[in-house]
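Each structure below appears as structure tokens.
Next come two complexes, and both contain chain A; in the first it sits with chain B, in the second with chain C.
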Partner chain A sequence: MLSQILLNALALGASYALVALGFVVILNATGAVNFTHGDMVMAGGYVALAVSSATSLPGVAVLALVIVAMALVGFVFSGLAYFPLKSRPPVAIFISTIALGIIFQNSANALFSAEPRKGPPLFADGLITLGDISMPRQALAIIGVAALLILAQHLLLSRTSLGRKLRATAQDREMAAAIGLPVNAMIALTFAMGAALAGAAGMMLSNTFFVTPTDGSNYIVKAYIAVTIGGWGSLAGAVCGALLIALFEVLFPSLPLLIPSLKTLAPWLFTQTASAILLYLGLLAIMFFRPQGLFGETVQRRV
Partner chain B sequence: MTIHRHLQARILGTALVASFACAQLAHAQTEVVFPVLVPITGFLSLEGTSQRNGAVLAIRNAPAGVKVVSEVTDTGVSPEGATTALERALSRGKVSAVAASMLGTQMLAMLPVALENKVPLTTVSGTAAITERNNPYVFRFFPGDAVAKAAHVRYAVEDLKKRRFALVYQTTAYGQSGRGHILEQLKKLGLTPVMEEALEPSVKDMSPVVGKVAAAQPDAILLHLHSAPTALFIKQVANARLGLPIIAGSAMHQPPTAALLEPADLKDVCAETNASPISGGTPEMEQFLRQYREQFKSEPDGFAVGQYDATMMVLTAAARGAKTADEIQKALAGTSYKGLAMTYKSDGRGNMAHSAVMICYDGISRTPKVVKRFE
Partner chain C sequence: MSQTALAPTPGAALTAGIRPLLLLGVLCIAVWPALVSSAYELRIFTLVGIYALMALGYQFIFGHAGALSLTQGTFFGVGAYVTAILATKFGLGAHLTLPLAAAVPVLLAALIAAPVLRLESHYFALATLGIGQVMLLSAIAWEPFTGGSNGIAGIPGVVLFGTAIPKGMGIALFAWGAVACAALLSWRITRGLYGAALQVARENPIAALSLGIDTARLRFVCFLLSAAYAGLAGALFAHTIRVVSPETLEFPVMVATLTIAVVGGRTHIAGAILGAWLIINLPEWFRGLDKYYLIAYGSALLLTIIAAPYGLIGLLAKWRARWFPEAPPPPPPPLALPLRSSRATGDGAALLTVAGMVKSFGGVRAVDQVSLTVKLGEVVGLIGPNGSGKTTLINMITGIYRADAGRVTLGGVDITSAASHDIAASGIARTFQNINLVDEMTVLDNVAVARYRHAGGGFRSSFGGGLTDPAWHLARGHAMHLLAALGVDDCAQRPAGDLAYGLKRRVEIARALALEPRLLLLDEPAAGLNESEQADLAQRLRDFARAGLAILVIEHNMPFLMPLADRMVCLDHGCVIAAGTPAAIRANPQVIEAYLGTPEDAAA
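Now for the complex of A and B:
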């Protein structure tokens, strides 16, 4: 039972991790919160749906096309929502990303209708049974592919020249420009990367949990919480924060199944509704006692 | 030459008479101003679009002698969005009746405006409270929870012979209203659920609830969730191989819900609703189904049929001489109408639909069969 619950939580957390990672790379590069990020997850689901309807490509090839298409979306998005407003106060960028998010939602509604839709699987539908554990193939594929994408991003940022330029831009845009780095190109590339990760997550989530035009608001909240728990700006923190959210969402309400005495002790506490309340209380506690998050560094202002 | 002139004069005369007759006929047409104010965007856009399509199809099929002036407005999902849309429609002139949002919270906000302006609202909202406000201007063409949940529970107990139920419902107003009526119906039959739990609409992984259902060892699951959560829950129950019959709420009857699942996942799944147009049944329903598919390139559900019947009742009342909003209100409140889904008649509080059907899936196709009607 415990291993089944942990596997479910891991599959959910892996998708959330991709969402949070895309969110945090854009946050780091621009210093602005991209409120459209959840809608980019939703858009990834619909792009996957459109590609799989129009072609008979296998799921992995669809995923590759979704990543490319969403990277282009991210690139164009930066030209519409960020660059024209980058010298304005941050609130202008918040609002422009909110506005574009609404455009994404209504466009999806107009193009694909409001019906919940099921995206294509990465490999195949169906269950794999290992002893007592029955696991959907798609969930295992999500864990594997998300791990690969997270690793690829880590290697890109830590081991390549391009990654160093991206990190330099994220750390100090003015200094990066002063040493001759193409800061605008790096920022546009970061938007493309963030959107591509969101799109990949969107495709994976759309098969297991379906996709509707209004799904974005749920995912942006998850990304925001993951980044706050993990540490504002920390890539590893975002991934761990996402995994913690999923673990909490799945494991906490399942505790009475693992420890039957809890069922009589406080049955109302171990529901998914109560676990959502506790998650947000935990978030408030982290913001109060450890505002830099679990993996963030304490920031001190220079006098 | 004389004959030619004579012929010309006769043709001219005939044309004059014909144009006069046409003008008279046009003048004799009853004009009905019927705004359609429904949620086309937001979390209820699937159901709202069905409602819109039902109203629009009825307007296109308006009875002879009735000219309909109509405009569709998206109310979104906020109460203020709905009241603003209604006030704007009213400000444009005399409104005969309104196709009003199926979202209960929006209906509750629109009710005082309708009362103040004496304009009848027709809706397919299932929220019980909308007809409990003593407002004579609300008419519900979809079975309220009192009717639907009675069918839901009675089918599970009387026909499926089940006694131990797990109840899973949504945390929203829709879910809580349904839960209340399910518990009331179970109590009447001397039963209480062996397990119950609420789910937020945003919950994706429902395995903790599925695990608790299995641990409670029920002999059936009563479900009252929105469309996508219904499909998610049924899929996760199928993956867990619980092998329990599921008796779901009306969201299950919507073709897009069934489209999310494999036919095998739907084995032993039943649901309550007002009608299942894709199951056909009568020549009129078949014609509606054909027209709907042609015009909207999608599958109709019970909400579309309910709003079609509501709109058609308004237009039929106009064809029979009801010219003002007041006269249409009186016709809706005091007469009965045989629609596609059922015969509608107000119970004095605006509840027009008094029957529900149970549909079941066979595990082979996604088209359900109507297995029982509860009057």
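Now for the complex of A and C:
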């Protein structure tokens, strides 16, 4: 029972980690919060749905196509939401991403209708039995694939020269431009990467949790909470924050199953709704008491 | 010869800016109800008014305070639910439900303000989004109270003290009456000194703090105001539509409000009304688009934020200025101001005492056991190589950084842990290394807003006066006097961003003097000035000191500073390595080693 719950939590956490990672990567490169990031997760789910119903490709191939397609979406997105506004204060970009988010959501609504749809699995649905524990294949697949993607992302950024260029652009755009890096291309590439990660997460989540056009706002808030817990701008922090959120979301409502006496104590407390509310309240508490998150450093503004 | 009046002539007032268009707009709104033919159109008209009211409130927090709040829709929904519950379950009349519907969101806003308001832009926005989600989930879950997913139906119309306002035309006129009152209130609050303080606080918060403006409090008041307006709008919505469901708490309401504010113009009252009219009617005009009208919203929002960041009203004002330019109004006559406040300390005693200041950033000791004093009428120079801690020290004195250890007293009063804006109000004025004027405001307004604390500036005082704010008029008069004292009064009506560097520097000093300080802190005032400007500045500073002002100057320019300073203090790596007269400093071997160098070094 506990292992089942933990596995689900890990799978959810792995998906959230991809979302949060994509969010932070764009944040670091541009200093702008991409409000549409949650909608890109949703878009990834729908692209997976479209591809798998149009073709009979195996799940992993669909994933590859989703990643490529969402990377392209990310490119185009940066041209609409970011580059026309890059010399304006970050709030303007926030608003432009809200605007594009609206367009995303309602286009999805128009193309696919509002009812929840189930996305394709990575390998296959069903359970694997090891001894007396049975685990959903999808959960294991998600953990494996997500771990690979996070590792690939990490290696790209830390071991390749392209990664070095991306990090330089993210840390100090003006200086990067001054030493001759193609900053605009780097930023566009960062958007593509962020969108691809979001899309991959979207496909994985769509199989277990279904996908609806309005999922976006839920994911963006989760990404934001993860990044706040982990420390604004920290990649490792975002991944940890995501895992913590997933653990809470899955574990908390399941507590009465593990500790039966809790069921009679306060049945309204251990519902999905209550745990969602608690999560947001926890976010507010963190922002009040430790706004720099677990891994962040308090930053003073230079006068 | 300058001619001024407290209010401009009626003719000039009517044709100034885009007012003719605005008057036309008001006329259209007044006439429209008479032309409307169907109950449906009347309802649309009422909805436009309701959203205009919500947008007017949103302009306080989003436009004037510059904070992207995403709870406006939530406050609207809470107001609607409060009205619904009070009217259906308790049978209360509108004379009670309307004020309560405005009050509950205000209480909610006050509650969430503490953790959320001091966050920067995107943190704040997403935090408010999270709060919106909590309220939505609560409304759906708290079924016995809120009717769950189905909401509450059968809400009566507006019943004031027993008299029911007829639906249709009655409620439409009532709603627009509320809009008119709200618009009047908005105009009153933002037209004078308070409005200028809001602008500085949003454009340049550090500058605002250095002028004694409590930026956190301003944001708080704006947040509460926005909640009140939204709650009232929600109440009117409940009485008009007569059904309230969780839909009123969902994101599309917030999106509509944000779009209205951005498309209309985020600080223009007319923008809220024009924006509301456009955004509410969009689904009607694009009826062919059916459920995709939200895509039209999104596109409108995107286009406007790219092409017209100040909204349509802002665009109209810009076109008016470009194609039909008008002469700027004449500046007000100067009103004399004492250069030093009457507060005095005992003769010879130090005004400013800094003792044992310590500040570390991470592992770096930026300021290490620094002590110094400044007397009234004295000019003290603070020198040292870059990174020696000079600006950090000034930032600690003015309360921008919290010191790790040490004490700062001003005239005997301990100000070590005082808030930045309170320190400014107690008599310390400063200028900045990178000049912190508000480029979009005129030179005159930049200086006048520094009179905020002295005019008793605050929310309540903004209600005073008639068409113009008397405190603002007084402030601008004082500002003119100071600009004349610094020799920049002929630039008074120009935007501060247009000025040359040397002139901006003088405007900044005039602004600092507007605080009637006892101590003036200048951070590299001679930087960017040519030799004659430097000599002029040195002379002025000498005059100020002779009049009794205490002055602390950070400078790298020795030919400027040495003749000017009575005493000098030299820092290196955060420590004081020498203090004394300029002659002693010049000869001090440690100072020479660390900073000044010798003629041989110069030749090398």
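Going forward, the second predicted complex is superposed on the first by the 286 of 303 C-alpha atoms of A that agree within 3 Å, B and C clash if a C-alpha of one lies under 4 Å from a C-alpha of the other, contacts with A are read in each partner's own complex, and residues count from 1 in each chain.
Throughout what follows, contacts are C-beta pairs under 8 Å (C-beta built on N, C-alpha and C of every residue); 3 or more make two chains touch, one makes a residue touch a chain.
Just so it is clear, the structure is predicted and the values come from calculations on it, not from any experiment.
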Request  = Specify the outcome, clash or fit, for chain B and chain C once both structures are aligned onto chain A.
outcome  = clash
Query = After lining up the shared chain so the two structures overlap, which partner does A:Ser234 touch, if you call chain B first and chain C second: first, second, both or neither?
reply = neither
Ask   = Regarding the shared-chain residue A:Thr36, is it in contact with chain B (first), chain C (second), both, or neither?
value = neither
Task = In the overlay, answer first, second, both or neither for which of chain B and chain C A:Ile5 touches.
result = first
Remark   = Max touched-residue count on chain A (chain B vs chain C) belongs to chain C
Message = Touch test for A:Asn207: chain B only (first), chain C only (second), both, or neither?
response = neither
Query = Touching A:Ala92 in the superposition: chain B (first), chain C (second), both, neither?
reply = second
Message = Let me test your reading of the model: by the given contact rule, A:Leu80 touches which partner, first (chain B), second (chain C), both or neither?
response = second
Query = Between chain B (first) and chain C (second), which does A:Thr190 come into contact with in this model arrangement: first, second, both, or neither?
reply = neither
Request  = Identify the partner contact of A:Asn109: answer first if only chain B is touched, second if only chain C is, both if each is, neither if none is.
outcome  = both
Inquiry  = I'd like to know which partner A:Leu257 touches here: chain B for first, chain C for second, both or neither.
reply    = first
Task = Would you mind checking which of 169-177, 205-213, 277-285 or 313-321 on chain B runs into chain C after superposing?
result = 169-177
Key: Residues of chain A at both interfaces, chain B in one complex, chain C in the other   = 105-106, 109, 218, 271, 273, 276
Remark   = In their shared complex, chain C is touched by residues of chain A numbered 32-33, 80-81, 84-85, 88-92, 94-96, 98-103, 105-107, 109-110, 217-218, 220-221, 224-225, 228, 232, 271, 273-274, 276-277, 280-281, 283-285, 287-288, 291, 297, 300-301, 303
Chain B-touching residues of chain A, taken from the complex the two chains share = 1, 4-5, 8-9, 12, 105-106, 109, 113-118, 125, 127, 134, 136, 205, 208-210, 212-214, 218, 246, 249-250, 253-254, 256-257, 271-273, 276
Contact set on chain C toward chain A in their complex = 66, 68, 112, 114-116, 119, 121-123, 125-127, 129-131, 133-134, 137-138, 140-141, 206, 251, 255, 258, 262, 291-292, 294-295, 297-299, 301-302, 305-306, 309, 361-362, 391, 395, 400-401, 432-433
Query = Hey, which residues of chain B end up touching chain A in the complex?
reply = 40-43, 45-46, 48-49, 171, 197-200, 202-209, 211-212, 215, 227-228, 231-232, 239-241, 256-257, 259-260, 262, 298
